[in-house]
Structures are given as structure tokens and as C-alpha cells.
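Okay, so chain A shows up in both of these, paired with chain B first and chain C after.
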Partner chain A sequence: MNENILKAKGLCKSYGSNEVLKDLDLEIQPGKIYGLIGRNGAGKTTLLGILTGQNTKNAGEVTYGGEQVWENQKALSQICFSRELQPTLFTGQNALKVKNYLKMGKLFYPGWDQEYADKLMAEFKVDPKKKIHQLSKGQMSMVTILIALASRAPLTILDEPAAGLDVVARERFYQLLLEDYMETGRTFIVSTHIIEEAASVFEQVIILDEGKIIENRPTEELIAQFHGISGREDVVDEVTRGMEVLSTQMLGKHKLVTVRADANKLTAAQNADVDITPLSLQKVFVALCGHEDTQQ
Partner chain B sequence: MKQALLFLWDQYISMILRINLALGLLILGVNYLFPQVAIFGSYLTIYPLFPIIFLLIYGYSFTTLYRDLALSFQCRRTDLFWGSQAAFLATGLGCALLTAVMGFLAAHLLDLTAIMGKEGPLFQGGILWAKPEAIPVLLIAALTLQPMGAALGCLYEKHKIITTVILVVLMLLGVASTMLCLFIADGTLPISPSVILWTCVGFVALGLVGELTYYRSNKNAVVR
Partner chain C sequence: MREELNEKDLIYLQIARMLEDDILREVYREEEGVPSTNELARGYSINPATAAKGLNLLVDAGVLYKRRGIGMFVAKGAKETVREKRKAAFFDGYVKPLVQEGKFLGLTREELLAMVSMAQSEGENDDE
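Presenting the complex of A and B:
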């Protein structure tokens, strides 16, 4: 059954000689909140643009519900990609008043919920008569969140929705996202750099690194595979033998390593004289994608 | 397609026509109220061709601003292209009609002698529309300038400086053409059928090149 499954197969994308996506495969199951994380320049926005038919690809295919997304009205109308608004960019959005920008949502998204949009507008205290470029960074993020939530699109994608929001507003955003998810059960993909705060919201995490998806699994399952092991250097070396060591730090004779290992190997290590600590999603991300910086 | 058309009506067609109508009414109004102020008289003289010349800029903004906006809301490129053809036609004809109406109103409502301080075909742009032989050129210009502008908008995405230079040159040519039209209108310059024919051919050729460039660019347009 292909209904509402977004599939990408063999995606390749280059900008000149810069290969951004490399033979990438991805499957987005309906009814989940996905977190898309990756370093700057990893290709997140390019990937999201291609998945939603807003960007071109050099090779590969993207389907939604078994049908091509590219130029397919049926598929396109089911997908909302609420992009990060950029104040410096000379775009059509920036020249519009907020109320006119929201009118676009009403026009293009079949499930648009105007009542909800009005409610969020009042809550966010965004002046509908202001032009987009006159808004603060935080208010721009609120508008992108508003579009995404009020679109009621079965597949809703948010690119950096928390950028510029203060901590209270970010909390409120995650709360609204969860409320909407509980109510509608629709699929969300949220691209963010604020990993730690969002980790509890993501049901599944996709990690994009150097143009490839290196992880796409449930958040808890992913986190459970990674641990920090610290202790005397020789003991740590002994217990981590056979484990995938992702990073190493030395503090005198004290050694701290980040490992990826299954439960059996960790159980054996627990009997040794070392400290074993679970890692947060952010630490897992750094361990997987930040190794070059750590080595430097 | 319906969504693309509604989008274009709301964001593009009605806005352009409203701006041009407001500008025309404003110029007529100030000249009606203050016929002795020379600067208002100058605006009146050059107004009738403004809406047509500005079609180039509107076409340019279509591909640099409005296309991005529509595509970011999941509008199909094909719908946007064919919708834009209807929009170009509507705004082109609308602006031509507006120009003619404003010329007619000015000639009938205002005391042009007082405004210009002399006798004769003072409101040249408006009178230009009364010359049947000039109408094809103005209509074809109105219909082809937007595709040309749209093509320049596509070019701007790849070659910003070159496009800006071309745009400035075209605007200067537009102003020069306006002056030329004024001389033709008041009879200073004769207007021969062959000039009209070749001008029309030139506009159509440039318009077709613009259409082709815009069509090719639109097929793989990317949201920035």
C-alpha cells in the first residue's frame, strides 16, 4: 500500500561541480514526526526542495502515494513546504503583507484552516498589515509555522521553524506541533539545528551527512545504540575492543570514547571498571557528523 | 490551473491595473485642479505611454518575484506558464485600454490649452491613439513587453550584472521611443507604413524570443 508514503530513490543533485546529494534513498511513512538534521551545507533544504517538487534533481525519482511528485497537481496539493523566510532575500514573499501571504495558503492548500490561522495569528501577535520584510526574524518564523500548521496538508514540511524564536516561543511551537499531530495524525518533517530541544518531539530521526542519509530510524532506537565510555585508558581500550568507536578524548590517563554498540557488548562492558553513560541525540549527531572537527 | 489564475489575478493582474489606474487618475486629478503647475503638465504629456513601458518591468518582476511565490505554494509550473500567458494578455490589453481611456478623458475633461500654454495637439500621447496607423505598434508593444521582461527575469537569475545593464538600456530605449511617439503624434515626424511594419516585426520577434526563454526557464524553475 503506497498511500501517503513519500519515497525518494537514487536522488542526485549537483550545483556545478558541488555534488550536494549522492544517490540518496529515503522513505517517509505517514503519521510520524520526522526530524531532519544535518550540518550546514549538508543538503537539507535541497533535499526538502526536491522532495516537494520545488527543486530539480539530476537523477532519481520522488513519489508520493505511488505517483510522481514533479508537476503532479494531486501530489503537490497534499504537500506543504513552509520555507524559512529570509529578510535579506529579494523575493515575492517579502514584498507581501502578512495577510496577503496567508491568502496564498488559502488559495493553494485544499485543507487550509482559516479559523486556526486566525487563532494562531492572534496568539503570535503578528500584525497582518505588516509586510513580511518588516517582521522580526522571530515573527517570520511564526508566519512559517502558521502556514505549515493551518495548511492541514497531509505531509507538512518545516525548514528551520525555530530559527529566531525565543525559548518560550520554541516551547509553544513544539506544543502546537504535538497538538496538531495528535489531532490530525498527519506527517511532519522538521528540519532543525536546535536538536536537543526538538529531540523529544521527533518520532524518527533522519541524519543527512555529506549528501547521504546516514541514519533514518526511530529516535529512541538510534539513541540506545550510542554510549560514552570513560575510565582508565587500558581498561577502556579493553572493553571497547570490537565496538565501533566514533570519537576519543584523552584527559591524562583517563580516556573517554563514544561508541556504537549493541546491548550484549555493553552488558559485558558494564562489569568492567568504566563509566557508561547514554548519549543525547545532539551528542549522537556530533559523534556521527562532527568527527572531523573533533579530530582537529 | 484555476489556482494559478486566481493567484495571478489577485497578485499580478489586478494589482498592475489598479496601480496604473490610480496613477492615471492622480495625474488627471492634479492637472484638473492645478492646470497652471508646469510639472503636472509634463506628467500628463508622458503618462499615456507609461503603463505600456512599465509592462517590461512587470514582466521582469513576474519571474523574479511572483513565480517564486507561486511555486513555493506548490503551484504547477505548467499551470503557471499558461496562466501567465492569460495574465500577460489581460495586463497588456488592460494597460493599452487604460492608456487610450486616459488619453480620451484628458482630451475631453481638461483645458489642455491652459495646461500646456499653447495651441495644438498638446496631449500627444492621447492623440497618438487617435492615429489609427500607430495603434498596431502600441498594441503589439503592450503584448510583447511582458514576455521580454519575463525572459530578462530568467536571465537575471544567472547573469545579474548583464541583465541589469540590459534592463537599463531597454528602459532608456523605452523613454526614447516615448519621445519618438510624441514627435510622431504632433506631426513633427512622418510615420510611414514600412516603419510601422518593421517596428511590429521587431516587437513580435523579441516577444517570441522572450516567450521561448521564459518557457524553457519555467520548465525547470526552482524556488530560491
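Presenting the complex of A and C:
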């Protein structure tokens, strides 16, 4: 299994004076569904592009199974990065027909599953004769998803697959993803803004913040470390002494704090007159990446 | 089993708890098979690793056991095991907060016990 690890070490990437990735390290183990979350402009797409040899980098290296990814056809044929489709290109409208776009997938990925692709085409009701710029935003997302799933690539990366989809299509997407995963056990990385509904699908969550990976661990292990504690100000201060407090909110004499602490450190709080509530992945994300936007 | 998971509690704990409920209700009896990891994952749109974690929690507690290549089954005496485990959780999760809330409202011991026994007789009348 060791040979299928994707490893990034010391990645740096700048666009002009804008440092997007800062000495970033990341390891993707095979056979898991990873969720990549980060704020707008955190560098998610840039990172995914570099991991799959589609973007250049200023420093660092990316290896898959110990081999460099950059311009390495053997490694790249094992990795599918299904990017968001663009209705316009530098040359004008994106007039490529859907069926021709899919043909490229078939040529590129040795594991391409045409039967599966046809089945998904029919289910998504995408007309293969349509040109890409004629598709709705939702249909473009569906084509992106279709390529990713039908590629059957051992490592498959989806960038914001749910963004253009309505809630029914999003639920269906997560079902398809799980069914594929249960059948093949391949590795997926899914970046998303819509955190809450995806949380239960991810075995492991990666949080990208200000150009660095700040978390990469099992979703439930991460969530279990965070708690909201609220009650009278002095009691809350007493029980949270020595804990890592991520945010504080006052409401009259009532204080609400978000803390990061193992469950065994909460004994004092459990016996005191305060309310302890678990946090959702979304709230954990806000606590970790909210920085300047939230009131401290 | 419920149709929806809540967003508050850890999912694997919810899965384990739902199976416990079904064992207490005898939806699944001793030596009967329970849904597999993949069935649970599909049914609730959750990662199979999470579903497996919920099942394994019950294996570790001696409530379920694995038959290699076939699936998970309800162990002998599982209902009693679940009952004992849930009794302890009932004390921590319901009785203690009940007493605490009573104290908060300034109820005496007698008032509190009277209320509990009143609720109990109401419940018995409902059952008839």
C-alpha cells in the first residue's frame, strides 16, 4: 500500500507578491475519503493543481508512490483532478462538445469505465452533443463529477463538486461518491465550501488556512476536541483556566467560549454550573479559521 | 432505526445507540444479523469507516460479534448487556441533571420524589 501515498513537501507558491502556499507539507494515505476545507483564497485550488502536476510551484516537491509527479505520465495516469469547467477560455467561448471532453478522459485514464460514464450521463441528463458553454452551472458540475467517477483513478480529486448543484443533486452526489468508494476503495480528495452536509462523508479532514495545512486528521477525532462552554462569567473563567480558548462572546454577565481540550480535561467543567455543548465541523472550522472576521 | 442523524452528536455514537435501541426493542434478537457497514453507510450517507466504528464499539462491548465473511450478529445476552450499560448512562445523563435542575429551582427532596412518582403513575395510566 505504501507505494500509493501522495506526499507534498515544502511547497511554496506565489502569484506576484501574493504568497499562496507557505512551506506546506501534506500526506495523503490511500483508501480514504479526504475533505479539503479552507476559506475563499486559502489556496485550495492552487494546492490541488500542484499536487496533480497541473500548476507550477516555486519550491518543494510532490511525489506519488515515491516518484515525482511533475511531467510523469505514469504517476499522472493514476491521479484524476477533475477541475471546474469554465464556460469561457482565453480564446473565447468554450465550444468543446461534452462528448469530446469525455473522450479526452477516456484517452488519458487507463482505468476509464465507459459503461459507468454512460450510465451517469443518462442519470444526469446531460446532452453529450451540447457545447460546454451551453451547459448550466449545475450541468457543468455534473460533467466534472462524471469525469472524476468514470476515471476510476486510484487517486481522484474533486474541486468544489457540489458548488453548482441544488440540494437534491448534492445528496445524490454524496451517495454516488460513497457507493463508488465502497466498491473500489480508492482515494478521494474533495474540496468544498458546503461543510456541514459533507462532514459525515469524510473520513479525514484537511484544513488549509493562510497557505498552510493546520489540520489533517480523522473528522470525528477533530470534532471531539472542541466544545462550547457557557455560563456565568466567573464560573466559565474558573473552569476554562489553562485551556486553549479560541473564541469568547459576552452576553450580559453570561459568557460563551469555544475551547479546544480533550474530554478528560473537562471534568471540572462537567461538575460546575455551566453548559457544555459539542461543536459541528462547521463551527470547528469557524473557530480555527475565523480570525479577523469574528469578534474576539 | 431512525431515518435521520442529528448534527449534534458524533455519528458513530449515534449509530451504536440506534442499534442498541433496536436490540432493546427486540427488532434484532440474539443470534440475528444486524445491518453491515456498507448498508449503514449507504442508508445514512456516511463514510463506511464511521459506520464500522459504531459497529465495533458494540463488538468491544460484547453486544455484537463478528462471523468472518458473513457479518455482525447480536451476541447472547446482548439485551441485558445493553440494559446495564444504558442504566449507567441514564443515571449520568438523566437522573443527575434532573436532580441538578431540581436544586436549581429550590425543590426539596420530597417535592422532587413526589414529582417523579407522579410522572410514573401518569405514565402507567397512559399505558392502559
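Simple rule for what comes next: the second predicted complex is superposed on the first by the 287 of 296 C-alpha atoms of A that agree within 3 Å, B and C clash if a C-alpha of one lies under 4 Å from a C-alpha of the other, contacts with A are read in each partner's own complex, and residues count from 1 in each chain.
Here, contacts are C-beta pairs under 8 Å (C-beta built on N, C-alpha and C of every residue); 3 or more make two chains touch, one makes a residue touch a chain.
Please read all numbers here as calculations on a predicted model, not as lab measurements.
Overlaying the two complexes via chain A leaves chain B and chain C side by side, clear of any clash. In the superposition on chain A, A:52 makes contact with chain B only, not with chain C.
Shared-chain residue A:105: touches chain B; no touch with chain C. When the shared chain is aligned, chain C comes close enough to touch A:196, but chain B does not. Once both structures are fitted onto chain A, a short way to say it is that chain B and chain C open up an angle of 150° at chain A, using Cα centres and rounding to the nearest 10.
With both structures placed on the common chain, the touch criterion links A:32 to chain C but leaves chain B unconnected.
Contacts of A:73 after superposition: chain B is touched, whereas chain C is not reached. For chain A, the partner that touches more of its residues is B, with chain B and chain C as the two candidates.
Superposition on chain A places chain B within reach of chain C only down to 28 Å, the least C-alpha distance between them. Touching chain B in their complex are the following residues of chain A: 49, 52-56, 71-73, 76-77, 79-81, 83, 89-93, 95-96, 100, 103-105, 107-109. Residues of chain B that touch chain A in their complex: 3, 6-7, 10-11, 64-79, 220, 222-224. Note for the complex: chain C touches chain A at residues 5, 7-12, 38, 41-42, 44-50, 53.
Looking at the complex, you find that chain A touches chain C at residues 32-33, 171, 174-175, 178-179, 181-182, 196, 200-203, 219-220, 223-224, 277-278, 280.
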